[in-house]
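So, here's a batch of structures to check.
After this come two complexes, each holding chain A, first together with chain B and then together with chain C.
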Partner chain A sequence: MYHLDNISQKKGNTQILNGINLKIDEDSIFAILGPSGSGKTTLLNILAGIDRPTGGKFLNEDGQVERGIMVFQDYRLFPHMTVFQNITFGLKVKKTKGSDIKQRAKDITETMGISELINRYPDELSGGQQQRVALARALILNPKLLLMDEPFSSLDEALRIEMLDFVKELQRKFQLTIIFVTHYKTEAYMLSNKVAILINGQIMQVDAPKKLESNPQNFSVAKFLGQANFIEGSLTNDDFVSPIYSGKVNVVTEEGKLYLPFSGQLQLDQTDYPAFKGKIVEKKWMGSNSERVSIEIDKNVIYCDLASESVDENKEYQFYFSKLPVVF
Partner chain B sequence: MASKKFTKLIVYLIFAILVLMPLFVIFMLAISKTWSYPSLWPKWVDWGYYFRFLFTSKEIQSSLFSSLELAVGTVVLTIVIAYPTAMALAYYDFRGKKLLNVLVYLPLIIPSIALLTNMDFIMIKYGLNGTFFGVVSVHTLFCLPYAIKLLYDNLILWKDKYEVASRNLGASTLQTFFKVTVPMNKSGLQGAVMMTYIVSMTQYLATLLIGDGNYLTLSVRMFPFTTSGKYRMAAVYGITFMLVTLIPLYLIDVWVTHKGRKIA
Partner chain C sequence: MLTKRKLILLLSPFCLFMLFFFFSALAKSLVTSFGYYPLMGMEKLSLHYYTDALNNKVFLRIFFRTFIFALFSAVLACFFGTALSFLFKKNDNPFTKPFFKLAQLPVMLPHIFIVLALLQLLSQTGLVSSLLTKIGIIHSYNSFPLLLNDQWQIGIILTYLWKEIPFVIVSLILVLRQMDNRYRIVSENLGATKWQTFWKVSLPLLMPAIVNAFIINFSFNFGAYEVPYLLGNQTKELLPVYIYDLYVQGDYTQLPMIMSLNLILSVFSIAFAGLVIWLSKHLPGGHTGGI
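So, the complex of A and B:
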């Protein structure tokens, strides 16, 4: 277990990180998800020993300071060195024996599928190949902790899925702890079943992807995750009043915004929480099993993901909440 | 299209005449035995004269040695000071950075004669006038602005991105400097070394004033020849001067372009 103990970072008068507390299991993949400018890279730099925090500590299980090996967003392969020289850089500076270096380089390039590239220079590689080299350069050092900064953001869609699976495979093979930061929630959800949300230098929530989506802890998390309707209204005690829905709600914070995520919250099957009557004005295809429908209620339009072909356009339906809705 | 090519050719030609004509004259002067007014070409050309002169004249040999000795010393001292300064300016934000940026150019802004007389005064006070270190440090003063600027412009391209990666992979500060910083910024270093070498070689007043006559470099010896009309001698010095400047420049260029990969 790695402990991030009240880590803070201040640069000039700007508080970049504010009392970060996290516990991260070993031999797992942990995602830190947040919008740009939230302090993700700053946090990762601290875990990599590149920056020193102005407050707090990062310790491993034995209470020791441990430095993670970083795979940078822009890879940072040394442009004046060949792939082989790049990969073996970390071993060379540690004065590892030459025969050892060769063997380990051979092993890691085979694992990464880059054996044919060892005499090339970084600018002769594709983005995906560069990433494999960057991973090889880190993994040849047998790190326990691997840090990845926006690892897949510069890859195209197909390659991204391929690399996601590959990184998962590497994690199992080397029994690594991987901490990675990203601003793509799908990336975080696909790679990790424990995701921390970092907004404005603070950890807002640590949860499994499904729980994050269904129970965001506050308005900023809900807003960042997106894919939801926020309906303005007024609150009196536990009663919410708005043109779309008026009635009982679960009040989390008192900003007066009803949170209706596109999926999971609204349904046609009857529950104890009737929502509203609305007319279907549009349907959009969202993959083979679901479609996003636009529902008009009293001239207001909200969106909702429903099973394919469950509603028809220009017809009115009664909707229900699957559980008591939340107001932020 | 053709007229564009023609204009280009004319421009090149004018440029070549402007640069090459004086060089040609110096070259002819160095190898001619008699070349007097009003003849257009020298009457008698002796190709061996220059080399015989170079290998027999004790004076030119000692000048050559002085020049090289001072230039190498200046290059070393300048790079030792300029590299960390350029790195600090390129990589870090600190209080007084703007002031340092201006201070770097001060030796070029202040009139050199004013600077030199005051430097001479200080050198005398500390007993450094006429010493190797004294002269080298004054040369360095005039070389630093160029060296720092050239190194800085190259270092700012990547800032410390690759150094950060290198240290994260376990390299020490020194290993990072020699394995990453220097090879990646080779062209900046090349520029700085070349410029420093040339500026030191061409220092006349500084060498004379601070050197107390102990360092009769090529430029110091050449000057009186030119002013007293001994053009042939001046030309021999001139050619030597060009050779010792151009050959190292060429060697450094070969090192930068052919050893490893040129990246910027």
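So, the complex of A and C:
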């Protein structure tokens, strides 16, 4: 288990990271998800030994400081070296024996499916190929800890999904601990079962993707995860009043915003928590199983994901909450 | 988008200028160097001015001396310029920022400025010599070493270094700042020491800019006339001074020979630059992928 123990980073008068405490299981993929400017890359740089924190420590299971090998967002392949020279750079600077270097390069290029590219230069490679080379350059060193900064952000949709699967496969094969940062939640959810939300230099929540979506711990997390309606209203004890819904709520913080995520909270099947009556004004296709519907309630419009063909446009329906709604 | 016609129109002033002032002069020099100079009744084309020059031991000695001198000065400027660029590449440091501004100054000042300054400072009757005599370190002006118009061309080398080191710094610092720390961070994260990072990453990435600066410095040193004329030693003449001296003697029958020397100097300068570029492509850093 890796321990991030109260890590803080201050540059000038700006507090970039504020007391980060995390425990990360070995041999797993851990995602750090946060908006731009939240301190993700700074945190990763600390774990890679590139930056030194102004406070706190990063230790492995044995209480030792360990440095992860980083795969950068822009790959940063050395432009003046061939693929072979890039991949073997880390071994050469450690003065590894020539025959070992060749063998390990052969093995890793086969694993990564880039054997054909070893004599090419980085500017002769596609984005996907560059990423494989960057991964090979890190993995040839047999690191225990691999750090990835926004690893898939420069790839197109199809390649991104292919690489996500490939990284999962690599993690299993090399029994790696991978910590990666991203601002795409789908990327984080697809790659990892444990996601930490980093906002304004603070870890707001660490949970499984499903739990993050259904139970965001505070307004910042809910707002960052998006895909939800935030309805303004007034709050007296646990009674909420708004043009859309008035009734009992579960009060988490008292900002007075009713949190209605697009999926999972509203349904047509009757429950103990009646929500509102609304007219379907628009339906948008969201894949073969669901559609996003726009519901008009007293001239206000909210959005909700429902099973395909479960409602018709211009008809009115009674909606129910699946559980008592939350007010932040 | 520019049409072909517009492009031709836009480029035509430059093309006309080049055609009249550069290519016509070049063509005239070339024809003259082949012995065609009707003004003096010389109308037979021949290569013998070239073969004569290449068999002339005095010319070859001066040529070789000029080459070694130009090479030495350019290498020295690149060496010191590169070292200083690495030292002063940070642009957020309160000391390096004014240093960079200061380094830009000599690039803008003319050579004649430093020639006169050196004459004032380092000649045997100059400021330094007088100062050393006054405080008793040397007995008289004559004991001060000959630094200008000397056999080793120290004065010329100092003048060139004064202008060319800053030129190298200005050229390299911009590239270094563009590279910032991107590749240094990767290299160190992969386990390289600072020294390994310098040799294997930073220096090769900078190599194209160094080669560029070297070629410009070398070509200038090899073909420059005014500084060797003012600060050089008459017994150790350099090629441009040698050619100009022949030219101002006013013997027009010698003009084809002078033009052939001039063209040998120019062609060699271009060929040497080409060779350096070709060699640099085979050095680490020869392929930079546009960095």
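Please note the rule applied: the second predicted complex is superposed on the first by the 328 of 328 C-alpha atoms of A that agree within 3 Å, B and C clash if a C-alpha of one lies under 4 Å from a C-alpha of the other, contacts with A are read in each partner's own complex, and residues count from 1 in each chain.
To be clear about the criterion, a contact is a pair of C-beta atoms (placed from the backbone, for glycine too) under 8 Å apart; a residue touches a chain by one contact, two chains touch by 3 or more.
If you're wondering where the values come from, they're calculated on a predicted model, not measured in any experiment.
Enquirer: Return fit or clash for chain B versus chain C, each positioned on chain A through the superposition.
Expert: Partners clash after overlay.
Enquirer: Is A:219 touching the first partner chain B, the second partner chain C, both, or neither of them?
Expert: Once the two structures are laid over each other on A, A:219 reaches no partner at all.
Enquirer: Which of the two partners, first being chain B and second being chain C, lies in contact with A:317: first, second, both, or neither?
Expert: It touches nothing on chain B or chain C.
Enquirer: Looking at the overlay, does A:189 come into contact with chain B only (first), chain C only (second), both, or neither?
Expert: A:189 sits against neither chain B nor chain C.
Enquirer: Choose the clashing stretch of chain C with respect to chain B from the list 26-34, 134-142 or 206-214.
Expert: Among 26-34, 134-142 or 206-214, only one stretch of chain C overlaps chain B, namely 206-214.
Enquirer: Can you list the residues of chain A that touch chain B in one structure and chain C in the other?
Expert: 48-50, 67, 69-70, 72, 76, 78-80, 89-90, 93-94, 121, 137-138, 141
Enquirer: How about chain C: which of its residues touch chain A in the complex?
Expert: Residues 182-183, 185-193, 196, 200-201, 204-205, 207, 284-291 of chain C touch chain A in their complex.
Enquirer: State the interface residues of chain B toward chain A in the complex, per the touch definition above.
Expert: Residues 161-162, 164-172, 175, 179-180, 183-184, 260-261, 263 of chain B touch chain A in their complex.
Enquirer: Which residues of chain A touch chain B in the complex?
Expert: 48-50, 67, 69-70, 72, 74, 76, 78-80, 89-90, 93-94, 121, 137-138, 141
Enquirer: Which of the residues in chain A end up touching chain C in this complex?
Expert: 48-50, 67, 69-70, 72, 76, 78-80, 89-90, 92-94, 121-123, 137-138, 141
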